[in-house]
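Across the two complexes that follow, subunit A remains constant while its partner is subunit B and subsequently subunit C.
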Partner chain A sequence: MKRHIRNACICAGLLGVVASAAIIHGTQIARAAEEKNASASITIDNFSFTPKEITVAAGTIVTWVNHDDVPHTVVNPDKKFRSKGLDTDDQFSFTFMDAGTYNYFCSVHPMMTGKITVK
Partner chain B sequence: MKGFWGTPAGFGADLNVTVQLIMGLALIAGAFLARAKRYAAHGACMTAVLLLNLVPIAVVMLPSFAQLVLPRLASHLHKRYYAVAAVHGVLGSAAELLGLYVLLVAGTNLLPEAWRFKRWKLWMRLELALWMAVLLSGIGTYIVWYTPLLRR
Partner chain C sequence: MGPSPVYMDAGKHGGYKKARRSMGNIIKENLNPDGIDRRGFLKCMAWAGTGALCVMQGGVLKSFALGPGGKSDKAAMKGDFAFAQISDSHIGFNKAANPDVTATLREAIAKLNALPQSPEFVLHTGDLTQLSKAEEFDTLDQSLKSVRTDRIFYVPGEHDVLNDNGVQYRERYGKDTKGDGWYSFDHKGVHFVGLVNVMNLKAGGLGSLGNDQLEWLEDDVKHLKHSTPIVIFAHIPLWTIYPEWGWGTDDSQQALSYLKKFGSVSVLNGHIHQVMQKVEGNVTFHTAMSTAFPQPAPGRAASPGPMKVPDEKLRSVLGVTDINFIRGEHTLAVVDSPLAGE
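The block that comes next holds the complex of A and B.
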């Protein structure tokens, strides 16, 4: 009888360990997926970036979409990212992995500026 | 660096359009020098404009054209952004090349006799007219590229 109780305890313990591991692993996968899917969008319209300034979490993919009828670029002065010329409805995406402040501008129209803060 | 005409254009574009307007005025002044028979001054004025114009072509216009127009020119020629730049590029190339040819004929003995034109006034007036067309198409390019309010 004692042996049965002991075996049952061992089995329950093992199940507990396996279940905990599965839960932790699942949480990590979900978090990773959440981080992977984090995204933000910036519209280029009427010679301006909208929103002009945004704050995002590390790992966020930021996408710029040009809705103007003239090409624009997205250029970071510190050379972290630089798009090619974006024609109407063209997009440019960049994943911000490191915390910090990232200024950017349009190299064709330098009055167009924006800022991304990554936390 | 931001420009100084109050448009979204950069400093290079604003400086370029300003220099082009001054050069256009200098060419008109040069034409009047020829009418006044001050040919040495006329030659110096036209030559200076023609050669100085190679700088903004190399530093501002060609890089812009190569980066922003040329990659999509074939498929986007129906859009005014590309069309006006293409027209300006073709006219500008013709004007600069014709100007260099006129300079070689009028100012040097480098070209063989068969390649030298005789009707000076015709070719020089053609060059001046072409240059003015380039200037107008350049202003048009500036408006289309950099002035959203004027285009509405």
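The block that comes next holds the complex of A and C.
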């Protein structure tokens, strides 16, 4: 009888260990996937994009945030991406899947330009 | 003497050499029989803020003080008609530079309604709204209902065509206009042209009129007599004030070339939220104050954004423009009036 209980406890313990191991492994897989979808941030302030030029890996999500007190837009002349008017604290995100060079500018204040290089 | 509107003063504003050179050529130093020299011109413009009338007659400036106490030659001052310009109301803006732009717009309207000669119509040179939102256009229309005038004409600013390439703007204000919203009309022998230079802007560029509009303009003025006075109004300045901040129009030279033959051309713009003037041959350029918030003088700040001034000073840097057309005179009589400080 005691042996049965002892064996059951051992089994339960082993199952518990296996289960925990499975959970930990699952979490690691999820984290690895998150790292693959890297993100980058560009600030819009004082009528400029900062940083003005960035280089990111393919698959990166780039987010522009407008901290200026006037609205701005983010427009790619090749029509690959275009935000609507962004007021203060509004954001716009775009995932760059393909390698290449992407110029963009603010269609409201066209002297504001930036560039994203995707490797 | 009240606070004077900001104006281009050759030598005062560093960093824009081109402007300095051209301003030096335009405002002549030489004294004329009336004793108005370059300093006199600037002094006259300062008086403009306090209700003086500056009239240019054949390149010579005469000033008349308006109101009791000032000598006024009524015959010389009497214009065939008066109209007004307001600009950059930015309805929807609510940041530090002016938390209540609707209130200052109403004060500007009160100013217009208090003019000694009611404007026969009003030109709004753009940036009606801050974000092209329906409720912003609605608020503007509501406010402008109380302007005592026959008609208001509009041209869009870049803030009015933010998300829809101007569809909403044209639905409201673009009846009988062509293309992106350009048009012309005649009033008592003066030919007015409203141009749109805020569409299809190119990266790194300035304002733009585009080929379609230029072709239309050339055709529109082709058959007019050379003696017809012309008034062009558009949002972004049609002369290059400060390219670093987008204060200019890529193809304005082309437009102005169609107007070379006319004896009197006046260009009225907005966009820069301060008064600037320039005379070049037969063309007089003028930009208006905003009714919402001021912006810095060229190069005087990191960017051309809304400029916060002390609360008690705000109304002295916002204003309206009263314009008198005086038949036979070479240029319009333009008076910029701040909301306060006269």
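By our rule, the second predicted complex is superposed on the first by the 83 of 119 C-alpha atoms of A that agree within 3 Å, B and C clash if a C-alpha of one lies under 4 Å from a C-alpha of the other, contacts with A are read in each partner's own complex, and residues count from 1 in each chain.
Definition applied: contacts are C-beta pairs under 8 Å (C-beta built on N, C-alpha and C of every residue); 3 or more make two chains touch, one makes a residue touch a chain.
Note that the structure is predicted; figures quoted are calculated from it, not measured.
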Simultaneous placement of subunit C and subunit B on subunit A, clash or fit: clash
Subunit B versus subunit C as contact partner of A:D69, first or second or both or neither: both
Touched partner set for A:P77, first subunit B, second subunit C, both or neither: second
Contacts of A:N103 with subunit B and subunit C, given as first, second, both or neither: second
Partner chain(s) touched by A:N46 [first = subunit B, second = subunit C, both, neither]: both
Which partner, subunit B or subunit C, touches more subunit A residues: C
First (subunit B), second (subunit C), both or neither touched by A:G59: neither
Identified clashing stretch of subunit C versus subunit B [7-15, 43-51, 61-69 or 205-213]: 205-213
Set intersection of subunit A contacts, subunit C complex versus subunit B complex: 46-47, 68-71, 84-85, 87, 107-111
Residue ranges of subunit A in contact with subunit B within the complex: 46-47, 68-71, 84-85, 87, 106-112
Complex contacts: residues of subunit B adjacent to subunit A: 1-3, 7-11, 64, 67-68, 71-72, 76, 79, 81, 144-146, 148
Residue ranges of subunit C touching subunit A (in the complex, touch as defined): 95-97, 130-132, 158-159, 162-163, 201-206, 243-246, 302-306
Residue ranges of subunit A in contact with subunit C within the complex: 46-48, 68-71, 73, 77, 84-85, 87-88, 103-105, 107-111, 113
